[in-house]
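Next come two complexes built around subunit A: one with subunit B, the other with subunit C.
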Partner chain A sequence: MNDLTQSALTKPRVVGKRTPRIDGEYKLTGRAGYTGELHADGMLYGYPVPATIANGVLESLELDDALSMPGVVDILHHGNFDTLHRSPNSMAHGDMVNEVRLPFEDERIYYHGQYVALVVAETFEQSRAAAQRVVARYQMEDGAIASLLLTEAEGELQDGAGASRGDPEAAFGGAEVTVDSTYHIAAESHLQMEMHATLAEWRDDGQRLIVHESSQGVFFQRNAMARVFGIAQENLEVISHYIGSGFGNKLFMWPHAVATAVAARRLGRPVKVVLPRQQDMTGGGNRPASRQRIRLGADRSGKLTSVIHDSTTETSLVHQYVDTCGSATPSFYACDNVSTSQRVLQVNHGTPCPMRAPGEVSGIFALETAMDELAVELGMDPVELRLKNNAELDPASGLPWSSKHLDECLTSAAQRFGWDKRDPVVGSMRDGDEIIGYGMASCTWSAGRQPCEARVELRADGSLFAACGTQDIGTGTYTIVAQAVAELTGAELSRIEVKLGETGLPAGPLSGGSMATATVLPAVAAAVRDALDAIKEVAVGSGGAFEGSDADSLDVERGGLTDGKRHVSFAEILGASKLSSVNGKGSAAPGNERSEYSFRSFGAHFVEIRIDPGISRVRVARVVSSIDIGRAINPPTARNQVEGGIVMGVGMGLLEKLDYDPRDARLINANVADYIVPTHADAPDIDVELLDYPDFKHNEFGGRGVGEIGLTGVAPAIANAIYHATGKRYRDLPITIEALLAS
Partner chain B sequence: MRTFAYSRADSVEHAAHRTTPDAAFVAGGTTLLDLVKLDVLRPSELVDINALPLKSVEWLDDGRLKIGALVTNTDLAHHPEIKQHYPVLSQALLAGASTQLRNMATTAGNVMQRTRCPYYRDPAAACNRREPGSGCDARHGLNRLNAVLGGSEACIAVHPSDMCVAIAAIGATMTLSGPDGEREVAFEDFHRLPGDTPHIEHDLGDGELITAITLDAPLVPAGSYYLKLRDRASYEFALASTAAQLSLDGEMIGEARVALGGVGTKPWRCPEAEAALVGQPAEKATFERAADIALRDATPLEHNAFKIPLARQAIIRALREATRLARQTGEQEGQA
Partner chain C sequence: MMDDSAHSRTAFSETLSVNLTLNGEPRTLQVAPNAVLLDVLREQLGLGGTKKGCDHGQCGACTVQIDGQAMNSCLRLAVMCEGQHVTTIEGLARDGELHPVQQSFLECDAYQCGYCTPGQMMSASAMLEDDRIGTDDASVKEAMSGNICRCGAYKNILEAIQQARVQLGHDATAARKEGVA
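Our next item is the complex of A and B:
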């Protein structure tokens, strides 16, 4: 038989080809409805009142002024909030949450920005005006820990978050060349374009809850809310059609969603809450600050003999979040003696959560800076040092890699960058007032995959329909699902409708961890094949377009079936049999391959920085990257992920820092003017090469996902370039003007 | 946001008479509306002055240039007379904010813009400028952005404008119109040092409206340069900036003007540094000496000490660039 289902693996027609976003028109014309823009009949607006202290007790709330203001309907707070069920928090059960403490649960204040009330009014402006009139009185307490970076406290060791092989301490002690360095990274904000938003509506006399949420995981949010409200999952729907990014802070439920749903139930009207930017930054998630110590041992030839990576990250007082910095370290380099450990320290600020390449991006900054330090100690080229320690097998598991081309990434990017023109002597490359620095680092991210279900319809009107309860967070999932359907049916892309982001659809995965592509497409493919089987059965059946033929003799071609002589479209086949459609259901999950291979993407970034020491100015001039992500399903959107990661890496390296006041742990730069991210003018020239080695061991489409890897390795490449320019080793991020001046 | 009355003024006299003490004029609104939404400013009445005929730029007979209060930052930055005769002002305007903000912001509004001190912008923090007598959370807080020049025990807030730094270097006169008629104030006297009364930011009486800023006659032949140093390349307030103008007399400096931004509680003109430049060779040692003099009284706090060496670098580089441009101008005129 055919055919297309095989050609998708080897000679794809649509997959892997530049494909404009199928939702692009909706976004450009404003028809794509983001949660904050949605309207429901009779809808009210909620505005949270944030705590202005970070540690203490809420003594009283004066609400009379606010309640008497125009349009105000209700104010929810600890004294009148509904009793709910305790929040679940399980990855295994699909109901993990971002903050396990429910809103208004007690009168204790654990962080600045914690909600102390929710004002509900007829308009947004009325709710905000009244929220500003709520007077909260606190008993402030001393002893708030504003940041991991401001304390010597060690935090609690996390069993199970570390790994060990060989005898790294002994190997380090006996090493010919060593590096022993400590690194600090400031807490960062996700600063996703679209703020957290919830629109909650109860229907059927309060029996059913419909929640629109800007969410990276509608099923997780549904499952968590069902348990909090004590209602069946079937009576709760979570919808998230368009998401203005999330970078990880929309993976799981936050307290604002619970407060919104309670308000909607109490008032019997739909309620919408869109967090203002300030509250999105104080209480809507952050990348925790980290402190890491790396010890490397090597022989004179540069062969690593010991890697010891000890990390501490922050969590809040109301939730345990572990940002495991060392998770990539055991797999990164060939080395017999490796250990990692992870500690977590509770601090008085908003709960941290996964942020693009969580844990690993921080860990790779430390590891890849340490590798540069080792190269300097050895007098060895940093690219050569990495090639020398390239791991042919995954040293953590001993398994072969499914597909690994780090060596090619290193050599290809070095060649395109012009690494051979680098004079290794510190400060030797100059251009007018500027010193030029060249630096590089490797990057990596694990290639995961989850179970997934999907449904596909072939319709009599000639359209095709695919549905999966995953989300498109702006990365292009709608389009790659359509590409997969087009690939396997030969139908035109314009005839394919894709529905995502609803819990009423077949269960789909989180949009996170760079797993969605490899998870969703195989399930869609299975559903397509099921639908194709169904339409063949129709075609060969009584009165069918190919009545009496053998179904196996029919090939799929151009949105129809052919027996080699005659091509009949799906629409005609369905019409001939008076059917509206055929349905296909599919599911896919990782299998035995996970015990036979290790799955991980690798790549390399090369960075040119320019420092003007006369005015203490450092700018990233260009970045040349080669990344191996398997097959890029849609190359422009895949490339865009890497380019965006690089720009984000410039922010991490040079600019971004949540500033918590050391005296009281209040966040003082919770706005986009004072929390500094790169502007267009800061974006370097970027040259990204995506190697094209489909990883068919990972899934039949050969893609490994691309959301995170581009960010990893950028900050250390910048720091290493600054070392090359200045001779000063920067181990703390961001590398600020004051740090440059201090050298 | 609290409710407020809104009216539109159709004449300068009208505007001046209609206002109550806690009324505010609104032009571009780029600072005012932001701070009203943050509950920092709470005007009872907004008087919209956008319809007033204050949008012209014209030369006066005495060689000065008069700029209407409502000329937008964008129009001013790209105005041919400004670009030709006051390039430092054009550069400073274009170094500030973003295109969208400059399209809305006006000349007088820029003069009136409020500090970016984070504690001023947070109603829950102690701030003598926002709430007299409440204290200053910045002094012992995260004061990276705060002033090293002109601060007091009560306030160390930086005046955030770039435009005003260039105007301070050029020299200018403000025209104010109020219930008692029109008066003029030297630009350098308009903004006040915080002292014990940081909430009184400028010399503007109740109901008084800025109607024009008149720039001193341009220095000729001269080179000028605005250098703004900040963390990122665009859309950020200055950590340290310098507006420098100078004329050359052979290898020697004729006249010189230096003003600083990002470091002072008001647009910071440096007359002593200027005096130290005049008649001296236009070379690095001279610039360094002038920078040291300009920053002689700078007082560091816990997190902003770096601003002193950074401002020093800004002064030296801006003077070097102004000298280079003055030489170019001189050469071109020599050729002509």
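Our next item is the complex of A and C:
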């Protein structure tokens, strides 16, 4: 039995309170060093040369011209590249990569943008100029598969990626009311603001490799590089202090990092590569397109009797990536007969990878649009339909939820939105020339947790230091670690220094899956407690500030210890004993609570859209959301995550689409102007409420994580609102102005 | 590995000289004719606060102020800046005091990853001095739409800009009063 309830932080002083980011001033003054702007002595610049076809063979490379350009030092390609090894690509062993194929491994071209060479030169300008002079000749082949959305091919069924209970086919056949719809979502780009970047340097005569990478997982990259280069992981260091976000495509290593490290080894000098935006979009990851069929059966009262969710997503020809769309479906609604299946189709694209709420965000679009269709079929309010099918237990596992308040999310958001003013008649709500549509959807994301280690020092100069090898990708991890230390020591936040993003630190988790907060904070707390034990021992020892006292009689207060009569700061205790610091180590991992409860966050989005029928323009006017994430450790940064997810959801719903040329599978819109993401002007009025039900069954801090959930459910709420305004059911994303014009 | 003389010969051949004022200081730079201002700032001068997001004038992360106007530094050759005043994010804070825009970004949590943030603030601080742009939220959102924030912190950025406007207005009023006194 876990003892989480014993250490549960029920009356926090710092945790759960508004705390400005401790790294804020670095970001706001330009002093935060992101990978792409780092320098090393004698550093060279690499510039990849991308394939201009998506299917065929690289016949030849003409390099003489490029090699004679000023400053060019070397050009790496298939003909001269080092012999390396593939990473085993194991999640369990922490060496998963985003593309198992090594750079320049063979001369086959599998996707547009695949690297055919890496030009290395003295300056950035020289590397770019020379890369443009490399002439590649290809044997282009027919038969490129441009997109899942442009083929009838079914793809390969993935064993183990589906789930089933009851007899969903029979229940669907016998249902009083049914929905049977197919949904398509275009491939999306992460379009994180900072492109992938690597700075690699070999030290100690090529024995040791130091890599700066814009990474959501420094330990994964270290382990993968150790396998690829066949060197001990102790001789490898991966560093990522500031990350210009990632949204999933920086979780695991890409081939550019390997090519950069090879160039650095071969030339004996540090090499930096910052992917140009075009190459970042062709070869640096994408959310794969999906095709999903949902069948719902219900009785006349609206009770679900069958849910069948069959999905197909894309992967590349060089790596197997499964974007499991149905992963939330078995847990979403109380229903006895549910099945999900997943197929994967190889296409001639750069390899897809996790993108914010991977799989589930696509699956929830289909499921929550289908639920709206069912509500229309039943003549029932969509909120009422969801409340009616609310699952009190996790129907997938049969376990109770650790903490679930979806019903309150639905009713609270509906009330703040003014849902009661909705006239369900299609197209009935107008404001001048505009038609108003109200739509809603539920949202969800699983609450995971990983093992983690951390280290904390209390120092004689009055500072406190916390270290963990996780990353802060903009979610605010630096700050919540400092909050946890401040909470448990009573020290001022300004005295706490936090170090993240290095493999030299205690092993920390990926910054992904909304798991970092629940994973890291318990380990930090364990390290703080270990350090506090150490300083108590110092204090009661010979010559100590509380010499002769019982350590258990001392309380921690305001960055020091007290015996009830006298308060002595950590710094004074250490000074009195002539010590520079005490050190605390801690580790934490999920326990058997996971066999007793199901852990998942839920919430609800309500959306108002306005359509100008004269010009077929739709805009999202406002979004009102209530989300239950357990406790928000730092409410402003947590709310910021949800608000950002909602903005990204507007993009998914209305704007974002990687366009592959149906003739040859080349990516047409690999730039920030033609791949459209929401701007300031596209951002709706957003009102986010975070319910405050700390989930102490998940961890002692009560937080379940917040990075993904805000994005889920937004696109279906938009689509459902557009249906309410127009009577037209859009089942394909994005819902573009062209699609609106066609109706 | 190439020898050092070859290194310096190739790396620094064909440079041009450009005189400009950078964050208040007169500078003479030696730059390659094809060097883009953004890359000169980041790679040659070590001013990494100006960010690279697209190199095509599409994202706004590289925004600097040139003679007080917000501009994409990725769309300007460095040699075009002869005689101009270039201000980067490193020059926005004065005498160790955050600019009101920086201070309000901190208070309003108007960022997440922080990568687009310098560009957002360089655009915002220029916009707040631009009388042609309305002070209402819709005008600010329109004027700021050249700066993409993929983290989607737009709500907080808008709040921060409007808060900085109040702060700057108070300062201006105070300064005028001081002048009269």
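Methods note: the second predicted complex is superposed on the first by the 735 of 743 C-alpha atoms of A that agree within 3 Å, B and C clash if a C-alpha of one lies under 4 Å from a C-alpha of the other, contacts with A are read in each partner's own complex, and residues count from 1 in each chain.
We adopt the following convention: a residue touches a chain if its C-beta (ideal position, glycine included) is under 8 Å from a C-beta of that chain, and two chains touch if they have at least 3 such contacts.
Quick caveat: nothing in here was measured; it's all calculated off a predicted structure.
Chemist: Using the superposition on subunit A, tell me whether subunit B and subunit C clash or fit.
Modeler: fit
Chemist: With both complexes overlaid on chain A, does A:A153 touch subunit B (first), subunit C (second), both or neither?
Modeler: neither
Chemist: Have a look at where A:A232 lands relative to subunit B and subunit C in the superposition and call it first, second, both or neither.
Modeler: So A:A232 meets neither subunit B nor subunit C here.
Chemist: Considering only touches as defined above, state whether A:M91 meets subunit B (first), subunit C (second), both or neither.
Modeler: After superposition on chain A, A:M91 lies in contact with neither partner.
Chemist: Subunit B or subunit C: which reaches more residues on subunit A?
Modeler: Partner touching more subunit A residues in the overlay: C.
Chemist: Applying the document's definition of touch, where does A:P678 land relative to subunit B and subunit C: first, second, both, or neither?
Modeler: Once the two structures are laid over each other on A, A:P678 reaches both partners.
Chemist: Applying the touch criterion given at the start, work out whether A:R663 contacts subunit B, subunit C, both or neither, answering first, second, both or neither.
Modeler: In the superposition, A:R663 contacts subunit B only.
Chemist: If we overlay the two complexes on their shared chain A, which of subunit B and subunit C does A:A589 touch? Say first, second, both or neither.
Modeler: Touch status of A:A589: no partner.
Chemist: With the two complexes superposed on chain A, say which partner A:G614 touches: subunit B (first), subunit C (second), both, or neither.
Modeler: After superposing on A, A:G614 lies in contact with subunit B but is clear of subunit C.
Chemist: Let me test your reading of the model: by the given contact rule, A:L654 touches which partner, first (subunit B), second (subunit C), both or neither?
Modeler: The first partner, subunit B, only.
Chemist: Kindly classify A:A129 by the partners it touches after superposition: subunit B alone (first), subunit C alone (second), both, or neither?
Modeler: A:A129 contacts both subunit B and subunit C.
Chemist: For the superposed arrangement, tell me the lowest C-alpha distance between subunit B and subunit C in Å.
Modeler: Scanning every C-alpha pair, the shortest subunit B to subunit C distance is 5 Å.
Chemist: For subunit A, what residues appear in both contact lists, the one with subunit B and the one with subunit C?
Modeler: Residues 125, 129, 673, 677-682 of subunit A touch both subunit B and subunit C.
Chemist: Within their complex, state which residues of subunit C touch subunit A.
Modeler: 1-2, 7, 10-11, 13-14, 32, 34-36, 39, 42-43, 46-56, 58-59, 61, 88-90, 92-93, 98, 102, 105-107, 109, 111-118, 121, 140-142, 144-158
Chemist: Please name which positions on subunit B make contact with subunit A in the complex.
Modeler: Checking each residue of subunit B against subunit A gives 1-3, 37, 39, 116, 118-119, 122, 124-125, 137, 140-142, 144-145, 227, 229, 231-237, 239, 305-306, 309-310, 313-314, 316-317.
Chemist: Contact residues on subunit A for subunit C in the complex?
Modeler: Going through subunit A, the ones touching subunit C are 20-21, 23-34, 36-39, 45, 70-73, 122-126, 129, 190-195, 242-245, 247, 267-269, 274, 276-277, 473-476, 636-637, 640-641, 643-648, 671-673, 677-683, 686.
Chemist: Going by the contact rule set out above, which residues of subunit A touch subunit B in the complex?
Modeler: 52, 125, 128-129, 132, 614-617, 619, 654-655, 659, 661-663, 666, 668-669, 673-674, 676-682, 736-738, 741-742
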